[in-house]
Each structure stands twice: as structure tokens, then as C-alpha cells.
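Two complexes, one shared chain (subunit A), two partners (subunit B, subunit C).
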Partner chain A sequence: MKLLRVKLLLLFVVLLVPSLSLAARIEISAPGEQTIPLALTRLLPMGVGGSQPAIAREFLQVLEGDLELSGLFDLVDPASFMGDADKLGLRRTEIDFYQWRMLGAEALIKGGYRRDGDRLTIELRLYDVITQRLLSGRRYAGKAKAVRKIAHTFADQILKSLTGEKGPFATKIAYISKRSGNKELYMMDVDGHQPVRLTNHRSIVLNPDFSPNRKELIFTSYRNDNPDLFRKEVYTGRESRVSLKPGLNIGGRYSPDGREIALTLSKDKNSEIYLIGTDGTIHRRLTNHYGIDVDPSWSPRGDKIAFVSDRRGNPNVFIVDVRSRDVTRLTYEGKYNATPAWSPKGDRIAFSRLDEGVFNIFTIRPDGTDERQVTFGDGSKEHPRWSPDGRFLVYSLDRRGSGKSIWVMRADGTGARQISPLGENDSHPAWSDRW
Partner chain B sequence: MQKITITRLVVMLFVLTLLASGCAKKAVQEEGTNDTTTQTQEVQEQQPADVSDTSVVDNSAYDAAAAARAAERAAAQGLVQIHFDFDQYVLTDDAKSTLVGNAGLLRAAPAVKVLIEGHCDERGSDEYNLALGEKRALATKNYLVSLGVAAERLAIISYGEEKPVDPAHTKEAWAKNRRADFKVKR
Partner chain C sequence: MLLVSLLLHLLVPILYYSPLFPKKAIKKPPVYRVNLVNKIVKNPQAGRPEATVAKKKPKVKKKPKVKPKPIPVKPKAKPKVKPKPKPKPKPKPKVVKPKVKPKSKPVVKPEPTKPKVSKAQENTLAKRLKELREKKQRESAEQARKEKLAALKAAAVAESEKVDSPISDAPVGMVDGKGDEAGVRATAFVQEFIQQQWSFSKYQAVGTPEAEVKLFYNAEGTLLHYRFVKKSGHEIFDESLARAIAKSKQLSQPLPEAMEFDIFFNLKDMLDKP
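== the complex of A and B ==
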């Protein structure tokens, strides 16, 4: 967080000095701590296409959802908007900044759309109200159904303009759902919209992971009567078995460079962590212990792997050095710690702890200090995975009786929201890299 | 439990009796056919109604097959699942005595192959439970092998917490779900 703060200040100093800028007055140190008052206006029709209120409504709803989840903004009540909100003028000289200043807004988003047959163009501007400076100007063009994607992409851009780092909203979340009766692999937007089924194995499909920078997933499936590791190209649908050793081929995780896969194999009658190539050939065995070793998660530099082992009795998180194979213990508290996920910045490891029959999510520094509980209350929260920018965690929440669903929250545990419906038993989310 | 054990003993006794008679008659069959196989067959064709050596041969073959089938049936129906303590794959005394019975059934039906499925309750992480279920299946297999069942006849697979017998979220359901199941393959 400190680094972010310094970065933010630097960014704004560089960009916006000498005028008194947003950043000079606002430090976005942590979500929720101090927020930017933002006026988000409705898109207005540009040119010939005429009014398409459905487009403006959907765009607003998606963008609002993303900005709220970010926790960085305090949205100015649209009911208080004055005349400028209904004027299309997007240029600096056309905007009545005084009106927005009166409402306490410090940032302003204005935009327009044009629909030409199936072609949709959306123009957007993000302004610093105080300095009247353009922070971001974007024109997006695509098919009419791309509204949601455009809104997510602009949300990413807003975060980049204000914090120096892009948001994760135009990415995908893969997960396992039982809505068809069997556990199959699905993929959806970060806000839970547009779910699509990717497998039809009619068996048991488990625990997906995205390939870095490629539109490809690995997962485990019992389709061939053994838990084998599969690979699937998301758009071509092409699918193959990567690892089919007798016994477990589970918990596959791509290395940060995408060249290797860490996974659990039990071909020698005991579960151990291995590195394999993307063609399935075994490169190295990383653990060697009669206990259970599962759930590998790479450090972003690819030099270490967190995993779960019961080698000291109860399940706990350990870290193995990929080169030396030295193993160190990470978690000491609690009696059952599992499913570690190393943050993409490398600064923290999320995991879930079973206590009195309920899992909650914790984060800890890789050196074992500063452990924090980030979820509380009813229901088991499991399988935390980070967004590619490290700002958010996605996880599954099991409310006994109504089953499991997918939730997203900020990394500090605030802003939790359900993104997949109840009753489908959705679990094992995995967040894609930026597409 | 007591009832099951008695039933199983009766079944085993029946199987053993059948098997014993089958084996004895099989010896006769071999003696008879060792002399001149073609002659016996001729007799058979010419005098199909004649009940003699040939008849015994047929009967004994029938009995052996029937005994084997009965033993297989007994194994298919009689193998009893075992249960485990939470986060444990060590066999309990109860589980061991159940496995002694299962091993008897399996020794009596040597053609039968079995898939041992290791299962867990829903508590615990999915991946950890897959590994735990495998350890349960393996511990079960190893104990059966120590009781004289050929290792090649026993395959294992873990389903972790994926296939509960009781989907309830109660202590009783969890106890039922922590188990090793036996699926007979032919």
C-alpha cells in the first residue's frame, strides 16, 4: 500500500503540477479510507443514430458496478445533477465545471454513443473537475453487444488514470458449476454476467487455472475414469489431456512465464508436487515426503511455490524453493490451513483456514508475518484467487442449504459481493490475466 | 452389524462348500478326459441320454462355474464399505475386521477385480481431500493384500469429497461419507 501511495503521489505530481490537482488533495491510500467524489453522467446520443436508452442504461450500470467495487470512489447522487449532465459537449471548453464543483465532484465522467446498424461507438472523457484537466479520453468501437465490455474496459482505464495501475474489470473468471447436474467448467465476466459453459464431460471437472497471456485453461477431469489434467483453448474449444499419470493429476497451476505447470501427482502412491512441461513431461519433483502435498501456487517471480502439506500433523501452508527444493513453513496458527494463492505483486499469500467447521480467508506476508483475517461470519469461504492487479480476491462462499456461489471482494475483505447466482453450486474460481 | 456378519459367514460357508465340491469333481474330470478325449465325446454323441463319466464331467463343470458365479455374486453383494475418522486414513479396528470379511469373499472369488474408491466428508479443502481419499483407498488396498488378496486385482481411485452418500451437513452424514467403497469389475 505504501508503494502505491508513493506511486500515486508521483504520478499526480508529474501529470498535474503546477495546477492544484486531485492528487494534491487526495491520497488513494487504501480503498474505503478516502474516496474521490465522482460524478458519473449518463451517456448521451451522438449524431444520427438517435436515442438508444437501453445502451446508456446498461453502460451506466456496468461502469457503476465496477467503480463501486473498486472502493476508490464516492459517486455523486445523479438526482442532484444540473444542466451540464444533459449536454453532450465532451470538450474541456464545452463543460460547465462550475456546476460540478458546486456538487462537490472532483472527478467527472461524460460520454456519448452512436449506434449505426450493429456498430456501436462510445466516446468517453474523464476530467479532473478542479483543474479542469482531461485525465483520460477514449473512443471505443465495436458490435452493439459489446456495451458491457466497453464499460469494463473504460473502468480499467479510469483506475489507470487515477492510480497509475489498470483495473481488472475487462478480464474473465473461470469456475466450476454444477448447474447442468455435473461439475463442468464455466467462464463469466468479473461481474458474473455472460456465463458460458466450456466443457461437456458429464463427469467431474475440477479446479481450473488460466494460462498467463493465453486464452487457455487447465483443469482436472474424471472423464477417462482417472483424475487427469486437461488443457482447453477457450475460443477454439480445442481440448487435450496434458497429464494422465495413474492416480491424481490435480491442482495444475501455470508458472508465471507459462512454460511449466506445477501440480500434484500421486503416481508413486503418494501425493507430491511436481513441475511438468506444457506437453505433460515431468521436469522435476519438488517435494518428497510421505505426507499429503497438494495445492501449489507460484510466486509471481516463479522462484517459489506455496503448497499445503500435513507433514507436521495438520494441513498447513509451506513454501518450497523451486531451485533448492528447501521447504519452509508459512502458517502456524489454526488447525487446518489450505488453498494458498500468492498475490500477483508477491507481497501477500491468501489462504483459507478451517475453524469450528467454517472456512475463512486470511492473508499473510510470504515471510509469515502480518497475518490478517479478511472474511468473517456465516458460511465457508474457500478457494481465494487474486485479480491480476492484486486489488481483489474472488472466492466461493458455501451457505449450507443454499449451496456455493462465487463472490468478489477487495483484498482487505471490504466490498464483498455475490457474482454468481445461488443454487448452482459454483466453486473453484480462477481469475484470468488481462485479455 | 452382528446380523451382517452372520449373513456374511453363512454366505462364505456356502461359497466354500460349493468351491470344495467343485474342486473335487474337477479332479475327476481331468482323469476322465486325460485318457481319450475323442472317445468320450463319441459316447456323448451316440448316447446323449446315458448318464456316466461324461455326465459327471458336465455336472462338475457346471458346478465349478456355478460356484465361481456364486462366489462372484457373494463378493459383489457382500463386500462391505469401511469408514474413517476425520482427516485420518489409518484403518480403525472396525474397518480392519470388516476387511477380514471382505478379504475372505475376495479370496473365494479369484476372478473378481475390485475398484476401491476413497471418499471424504465435505469438510476440508477439495484438493487435500482428493489426496486424503487416495490414501484411504491405498491403506484399504494394502490391508487386503496383507490378507492374501492379489494386488493386481485391486485398483484404487480417489473421489475426495465429490461423491457423498449423504449430502446432509451433519456429523452423522460426514461419518457416513468418510469411507472406502468397493466396486466389483468383471
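== the complex of A and C ==
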């Protein structure tokens, strides 16, 4: 009996083993496609109001530019589009996803517009072609001239849908330009369009910085013969002097909560980093060294500030703890390290370094590891600043003979593109927060 | 003495054939001839050279001397042959009749029915023998060809093994691959296929996501079902995997058998690059 049981057990095991075939283990450690194939169709007119090809064209051009800069997408060639691209249907059931799948698209943007006098309405949809799921749907209404802003805003929304974080395209870039003959403060869109002059000091304006929570800027101006710190409200145009201490009042940077400003003052004959209130009163002195301390940049948590000092010989980047005032050295290489900018996520610090007569942009972790050069080639690249999402860097490029211009690139140094024209000596860019 | 010996020698066969030693009649089993080469099919001659010959049968009619018309091997020709020949010996049509429907038994020979061997049958036998000899020759030639092919394959395998690949089991078609014509391993193929369907940008990455998915394919390469054993916790990453799996519903080639795959997705090779 016992033997029979053993035999039965053995038989069971023998029968069971083939059915429990082991799963083959596979590791896939990188995607085959490192971009998302996206089909971007042109806007089609909706209802009455007729066709306005200029609106559709401008919208497409702006959106395409933003999406290309993001580096996320591989845009499907519009020449290969089939019949569905010419159908207005925006609902899931009205779209022939099979056509888009045949073209290899994984994401699809369709939209329509209606113009009623000066009023413009644009409806947009972002679909996942594979799962046929609506990822984002928006209706924007505004004046006809708002078409660029609508395109930038929808580009931000696309990034939110596909990465979980909004894009920075509907923000602004402030910069200093000499196009009027003097160095004045300007502001433009992220793609360089719609530049607006903000100051008329007929002097030297420098180092702009956006307030994190209000539509205003601080900057240094020599209008009163001394480099004083000014504040300017963008929409009202109201302007006031925040800090007018004797000597330097330069490099002002708002704290992440917007309550304080870190800047360099030289009222005591030596340039040091101070914290002041938005009313200009000095809160604290952060550094105390006979060396020159300039260019403060807040960590996103507001507990540390990176700055440049020559206290160890050549100018290098240091970090000071706001509470304890302990200073640590960040960079050791290069003859001249300048203009640090702490990323909004806090994971890296960008700065420019002089090497062989040319400045290039580098990034480094706040603990001093993983230093990477992100720009190469001719011309000095200076004054790097991060986009509010930390995906991009804006900087000025000085090419001998053609002057300075503003450029934007991805944080890894790819996709660099010029956004301000040559010959106007544009420099000192600063990227606004969500606008 | 000599005489005694002679008598004894004679006695042995006499005794053997005497009724004292009865002999058992050995029954011989009936002999069947089976064609092992050609399967029994609906139309066994279709596409073969013999079939073409059969169609040309009318030519044979021109030769008046051809007597042995009813050759049972060529069933197709018979209906056509029927009306022409005049000097038909009577018994022959009887043999033909059961063959009118040639679908079922083109191979079996009802030879033993005829006790007498006619001249026509002798000719048929001779022809058959000739055919058999030719077939044997063909077979031996085919065997030689196969042996040669096997030798060539073995040489190719030996050659491919000489390739020093940094990746063991690298599949065919890769720069550093060393596969042979036997094809790619199923796991390597599935890995490559699903990886190609997976789109994910480094600009979408947050942290170091990892996910584990089980996929069940049948032998035709059709995805039966899948399930996430472990999600990464990064929604965008997990959605990209779901998309890749949706695109891998049908593999571009079948698998050797129904298979289950345990796939670990991560971004190690993408995020390590600066």
C-alpha cells in the first residue's frame, strides 16, 4: 500500500513537471526607442468663421518648436499623413487610430479653431494611439494674437501628460540687451518671440532675477551712478530701488519663498554675501572673508547658497549654509569659475568655467561629484540659468565678431538653439517661474 | 564393408522421406507490395514527371504494336485508351474496371489474381524493375546530396563558433552575433522584439524605475495574457510598458512552443549614459 502511494506520488510529480514549465527570464534595460513618435496635425477650422491658415500655421510652428526643444519626441513626417489628418473629428470614436498606428505614431495631437471677430477658440486633444486613450483635452479662448501663448500652454500640458511634469514653455525670459544703445532690461517668450523692453535707464542694467511668486523682477542699475538694486513690476511698470548701499548692490536673487534677497554688498569695502528683506533692510551677513564673494544662488530648499569666491586663489564656487554660515568648496578645477545657478530640483549646480580663454558651461552635483561639461565649441557661454522645471538651461553666447546672443538648450547640453538675434548684445538671461 | 556403408547412406534419405517422419507443411504468408516512398494521396501523380508521361499516352497509340495497354499503374490514361485499340484480349478490361476510380489505391497491386504470366505482364514487370532501379539510383543520389549538405552545415557551424563574441548567445543579425541558420533563441528574439516596441525618453525618467511583467505567448507567437508582477510606481514608465506590450500582441514569428516570459524592465543602460 505504501509502495503504491509512493508510485502514485511519483507519477503525479512526473505529470506535473512539464506543465509547470519555468518562465524564461529576460531583462530589458533600455527602451528600443528613446523618443516618443508623435503625430502633430495642423489645426482645422471648426464651424463658422472660415479658414484662417495663418492661425493654423503659426500655432503649428510654435508647438512644433517647443516639442522639438523638449527632446521627448520624434515627430512623424506630415507628408506621410493619411486621410484622418484632414478630418476634424476630435472624439475618440471619430479618429482612425489604425492609420496613425501604421505610421508608427504612439501619440497624436489633433485640434480645431474658431475665429469670431477678434476672439479665438482653439480645441486640442492629445491621444495615446496604442491604447486609444485621451491623454489631454483642452479648450483655449482668447484674443487672436494669443495664438502663440495658447500653443506654448498646450505644449506645457503635453509634457505634463507624458512626463508627469509641466513644461516651461509658457514662461518668460528676462535679459539685458544693448539694442537701444544702452544696456536695458528686456523680456521675451521662451522661443525668443515678442521681446518687450522693460527699462529706460539710459545707463547700465545688469543681473535680472524674477520673483518666484509675483510678476516682478529685481536688477542692478547704474542709473543713479551707483550700482543699486531695483525692483520692477512687469505689468504696472512700477519701479523702486530696493538696496542703495554705497558700493556694490549686485547679483540680487530672490529666496525660493520670495521673502528675502541674497546679494553682494561692498558697503564695508569688501564684497560679501548678504541677506536683505524685500524692503531693502539687511537681515544677515552670510560671508566674512577678505576675498571677493559674489554671484549668490539659492538652493531650492532655501537652506544653502552657492556663490563665487577667490578666497582660495582663483575664483571658485563655494556653498554657504544659511543657518550655520559654514562654507564648503564645490569646484577645484579651472582658472575661473563663475555665475553658479542651483537647479530647481536641487540635484545639480550649473556654472561657467574659463578654460583656454573660453567660458563653457558645466554642471556638478552639490556634493562636488559628477562634474560634466555641457557646452563645447567656439565662443564663451556664460550666465547659465535653469528653466523652472530644471529641464533646460538658458545662457548667453559671445562669439567674437558677432556679439552676444541668448541660447537655450536641454540640461544635458543637447538641442541648443539661439533665441535672440545676433548683433544686439543680449546677455544675462533669467528664466521666470510659471507665468 | 564398403557395401554396408553404401547401404547405410542410402537408408538415411529413404527413412527421411518415409511416412515415419511426417513433414509439416510450411504455410507461406501472402506477399504484399507496399510503396513506402510515395504517400497515399488523392492524386499521387500530380506534379510528378510520371504524370506528364501518362498524359502523353495517346502518342503510344501511334505505335500499332503496343499490345499491353491495360497497365494498371497509369489510371488516368485508361479511359482515353479504351476507344482506340481494337485487338483487346477479353480478360484485360476486367482488370481495368476496378481501377476506374483511381483515388484510393494507386499503390496496391492485385497481382496474385493472375495465375498465368502473359507477355504483357512480363513487359510490365520489366518496366517496373527498371523503374525501381532508377528510383534506387535517385535515392542514393539524394542520400549523397543530403550527406554533402550535412557536411556543409557542420562546417558552417564550426565556422560560426570561431567568432569571438563578447555576448554569449548573441542572436543572429546583431553586429556581434554568432547565430547560425537554425535561428535565434526564442528568449533573445522576444527580448529584442519587445525592446523595439518600447518607447520611453530619458526626459520622462524619474529616479530608477523597475518593473516586472509576466507574458504568456502561445506557439503561434500570440500574446494570451500578461500581468504586472511588480509595478515601478512611476505611472508614466508603467504606461510605456503597457504600450510596448500592446504593440507586442503578435510576435513577428512563431515560437517553438507556448512560452511564459518573466521580463524585468529598467533603464540601467539608458540612465547610465551622461
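Definition applied: the second predicted complex is superposed on the first by the 402 of 435 C-alpha atoms of A that agree within 3 Å, B and C clash if a C-alpha of one lies under 4 Å from a C-alpha of the other, contacts with A are read in each partner's own complex, and residues count from 1 in each chain.
We adopt the following convention: a contact is a pair of C-beta atoms (placed from the backbone, for glycine too) under 8 Å apart; a residue touches a chain by one contact, two chains touch by 3 or more.
Note that the coordinates shown come from a computational prediction; the quantities given were computed from them, not determined experimentally.
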First, second, both or neither for A:Gly164, with subunit B first and subunit C second: second
First (subunit B), second (subunit C), both or neither touched by A:Arg391: second
Contacts of A:Glu106 with subunit B and subunit C, given as first, second, both or neither: second
Touched partner set for A:Pro366, first subunit B, second subunit C, both or neither: neither
First (subunit B), second (subunit C), both or neither touched by A:Gly302: neither
Subunit B versus subunit C as contact partner of A:Gln34, first or second or both or neither: second
Partner chain(s) touched by A:Asp128 [first = subunit B, second = subunit C, both, neither]: second
First, second, both or neither for A:Arg400, with subunit B first and subunit C second: first
Complex contacts: residues of subunit A adjacent to subunit B: 183, 204, 206-207, 222, 225-227, 247-248, 250-251, 264, 266, 269-271, 292-295, 308, 310, 314-315, 336, 338-339, 352, 354, 357, 382-383, 400-401, 427-428
Complex interface listing, subunit C residues touching subunit A: 186-187, 190-191, 194-204, 206, 214, 234-236, 239-240, 242-244, 246-247, 259-270, 274
Subunit A-facing residues of subunit B, complex: 87, 123-128, 130-132, 134-135, 138, 156-159, 162, 169
Residues on subunit A engaged by subunit C in the complex (per definition of touch): 21-37, 70-73, 106, 128, 130-131, 162-164, 372, 391, 410, 412
